[in-house]
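Please go over the structures that come below.
Both of the next two complexes hold chain A, though its partner changes from chain B to chain C.
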Partner chain A sequence: MAAVSVACALGVVVSRSPMQSVLNLLGSFLALAVVYLLMGFQFLATAQVLVYAGAIMVLFLFVVMLLNLTDKEPAQSWLMGLFNGRVLGSLASFLGLAALGMLAAGGATFEAFEGGLDGSHEGGLDPIYSVAEVLFSKYMLPFEAASVLLLATMVGVMLLAKRERGEEDLGQGGGAA
Partner chain B sequence: MSIPTEHILILASLLFSLGALGFLLRRNVIVVLASVELMLNAANLTFLAGSRAHSTSDALSMEGPVFSLFVILVAACEAAVGLALVIAFYRQKRTVDLEAATELKG
Partner chain C sequence: MTFQSTQDAFDAAFSTAALPAVLPAVILSVGALLMLLIEIVPGARASRPIVVLATLVGALFANFTQLSDPAGPVLDGIYASTPETAIWGMLFAAGALLAWVYSIGYYGEKARPFLAEHDMLFLSAPAGMTLMVCSQDLLMFFVGLELLSLPLYARAAFRRERHDSVEAGLKYFLLGAFAAATYLFGASLLYLATGTISVMELKMMMGDTITTTPVFLAGAGLLVAGIFFKISVFPFHMWVPDVYEGSPTPVTTLMATGTKAAAFGFLIPISFLLPTEATGLIAAIALLTMAAGNLGALVQTNIKRMLAYSGVAHAGTILLVIAGYLASGRDDAIGEQALHAALFYLAAYLFTSTGSFGLLAMLERDGEDLTTMRGIRGLARRRPAVAAAMTLFMLSLGGIPATGGFFGKWFVFTVLVQEGMYGVAILGALMSVVALGYYLRVIVNLWMEPLDEADTGRVAPVTLPAGIATAVCALGVLVLGLMPGWFLDLLG
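Up next is the complex of A and B:
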């Protein structure tokens, strides 16, 4: 698995087309997830597959395909800009929601263990239990800061996309209005 | 507990060097962002190796996974903002070549 991961990482760096390199990156992430699993960190392997191989890869592939397919006709690019802003914003918010949902799932499991199975599971044996225990007691402040960071990222990406769209609208003249 | 810690650290350093190489050598913005993700992954792996080396036989130490979770979160934010910037850059320059970003050159 380590060899697969390193080979895919090498592929990321040396391959000529960005498409190939992004697909190699996906392979590297998946191999690393298996390495995490072998090391005994089930929760983090799940997080790796969901956030990296799922959300971040979708973003990368989306951008690569979008930029490869774009031609230089202005009408096309105006439509593309409109599409772009919305899709990019919703993708970013999906990404943030996925990360927050996973963190919340960790917390929910913690409470379920605490309420339902009192004492039948000793803490520290179940990985998710102990992750949640550390995360919600010792690292509560970084957790809150992370949620603020996600919100700021969401707003920032929407602002980037929206301002670009506004400029393109102005450049296109009154046809849109 | 079968994999020795040294092997994990060697793997992490290999991944990090490959990421740094790609970051420094490539000129395609998308590939540069992908290399940054590779380096973040290597850092995650190091966190986990340290956490595993510090855990006792009956209880895994859970500090490493928590920090890795934060790193994954920051990586997600970075990818979203970086790719939005790539698209804005592409709209202006019609290219994703980093050599085209020369506006601040003196």
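Up next is the complex of A and C:
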């Protein structure tokens, strides 16, 4: 799985079409999630699939598609990219399915393994539970501070983006957009 | 750490002492949130300055109560409130307050609808600084660092219509992200080596064989390098002149004083992570930083840029205390003395730097030229009070006796001399003499050059808020310079 992850990461760099790169990246993320799972980090694996393979990937796809629409790319390479993208896409979805299967099947066995390893999760506590426990007790303050941080960042981004639009409206009116 | 039940975990984390300890940061965060609320409530907009003032004064007071009765480590040891952190916190609140006062009227008409957002970001920065110096945990520090940095990146680019402002924001953001990644990589390597990210637990581990493993050393090195970026020491100082020059001056003020102070406030207590063999390296970095800053400042014609380079040189001077601490074989008493020296130095630097950047912000309103060496020629004839205040700040930056800057340098070099690092101390003192060259140039331009007739009428009027802020800064510089014992008594 680590090899698959590295191979996909390599694919991100060498592939010509951005779309292909993105799908390779997806494969890399999913393979990494499976690696986490094999190591017994269920929470990390779930977060990896949800956040990286889910949210961030969609963002990447959006950006790539938006850029591709305006790009005057030769038809040939675009088709090639799409074709390759499909192949890799199916590979990626296969990997995703495999990851999900592992998640479902591995839940019981790895948990037992973890508990047996350091004996810290007594009383049927699963790793996600212990993550939550620390997050909402010991690390409550950084957790709350992070929410203020995200809000402040959002305000900052809006501040910069909003003004840009205001200026465009003022300066360009109905010009070339 | 594991607990028998969730209740145990909560009991371990929270105690009644926790609230006063975190109160300063909470007040600042609540103030920042209020900023957004009053913007959407009709009729409440006018209360914006009152909310900012109340928040910062409240934070100042909350820190002050911690001074006499510190809560110590709270929240299961990830956060600690000590007399030192209380003074840091007061400095951050005071520095933010002064910088904010200077920002009144600084921005033109175009920026007016965005001032609430600007102030919201202004308040979140001292909250981040307070979290940084109080953190006893590498994760806590990181959250504080980002809470400080991300709003600063946005505010560096606040004057969107200007290229240098956008460039400053982008440069600061990219390099800052790189530094944050370096810090995180270092922290994760430390965790790999020791299995903990708690500063106290790491400190207890010192002396173990574990702390001489390559993984540990690499982790400590990367962690410190990440913080070195924030305090802008050689070779991580390249971004400083461009970012300081491009950012709006009130933002530069906070960037130069608060960020540096907060990073040092955490760096000095955790410098025990560095091996004692690194003494020479740290001393060399500090001296190179001073050289780079001073030589860079000598050739500048823009005062804002000159002050940026001078800030780099000051960071190098403060870094010397870490070399002194390491030379003592990581002696706790010397560590405390080093922290106090840095605290005093940065307190003096905060007032001096805020005052000088603030005066620049005031002069800048009517035209860019006034912040160049040429532009301030003969200013003393037209605005003697402004020129006198600027002179005081320059003398303090140069470390002339009877100003706060003198005792700051004195305490730093005392630490070095105690540890027998005479060579380093002499080189450092020589660097300070070089620095006098460009500070005196400002004074000469202010007082001795003839007034440029073409500039007549372009000098900005002194507004009341800016006047008060300048007076407070000047008073701070003089009090620290004439009665340093008073400040040291605060530390106990």
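Here is the rule we go by: the second predicted complex is superposed on the first by the 117 of 177 C-alpha atoms of A that agree within 3 Å, B and C clash if a C-alpha of one lies under 4 Å from a C-alpha of the other, contacts with A are read in each partner's own complex, and residues count from 1 in each chain.
Operating definition for what follows: a residue touches a chain if its C-beta (ideal position, glycine included) is under 8 Å from a C-beta of that chain, and two chains touch if they have at least 3 such contacts.
Computed from a prediction, not measured in an experiment: that's the story for all the values here.
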| field | Partner chain in contact with A:Met140 - chain B first, chain C second, else both or neither | value | second
| request: Identify the partner contact of A:Ala47: answer first if only chain B is touched, second if only chain C is, both if each is, neither if none is. | output: first
| task | Going by the touch definition up top, name the partner, chain B or chain C, that contacts more of chain A. | result | B
| request: Scan A:Val157 for contacts with chain B and chain C and give back first, second, both or neither. | output: both
| task | Using the superposition on chain A described above, determine whether A:Ser130 touches chain B (first), chain C (second), both, or neither. | result | both
| task | Would you check which partner chain A:Val148 touches, where first means chain B only, second means chain C only, and both and neither mean what they say? | result | second
| message | Going by the contact definition given at the top, which residues of chain A touch chain B in one complex and chain C in the other? | response | 130, 133-134, 139, 142, 146, 149, 153, 156-157, 160, 164
| said: Quick check: in the complex, which residue numbers of chain A touch chain B? | reply: 2, 5-6, 9-10, 12-13, 18, 21-22, 25, 28-29, 32, 35-36, 38-41, 43-44, 47-48, 51-52, 55-56, 59-60, 63-64, 66-67, 70, 72, 77, 81, 84, 88, 91-92, 95-96, 99, 103, 124-125, 127, 130-131, 133-135, 139, 142, 146, 149-150, 153, 156-157, 160-161, 164, 168
| query | Tell me, which parts of chain A touch chain C in their complex? | reply | 120, 130, 133-134, 137-142, 145-146, 148-149, 151-153, 155-160, 162-164, 167
| task | Sort out for me which residues of chain C touch chain A in the complex. | result | 1-3, 6, 9-10, 12-14, 22, 25, 29, 32-33, 36, 75-76, 78-79, 114, 117-118, 120-121, 124, 127-128, 131, 137, 139-140, 143-144, 146-147, 150-151, 153-155, 157-158, 160-161, 169
| remark: Listed in rising order, the residues of chain B that touch chain A in the complex are 1-3, 7-8, 11, 14-15, 18-19, 21-22, 25-26, 28, 30-31, 33-35, 37-38, 41, 44-45, 48-49, 52, 58-60, 62-66, 68-70, 72-77, 79-81, 83-88, 90-91, 94, 96
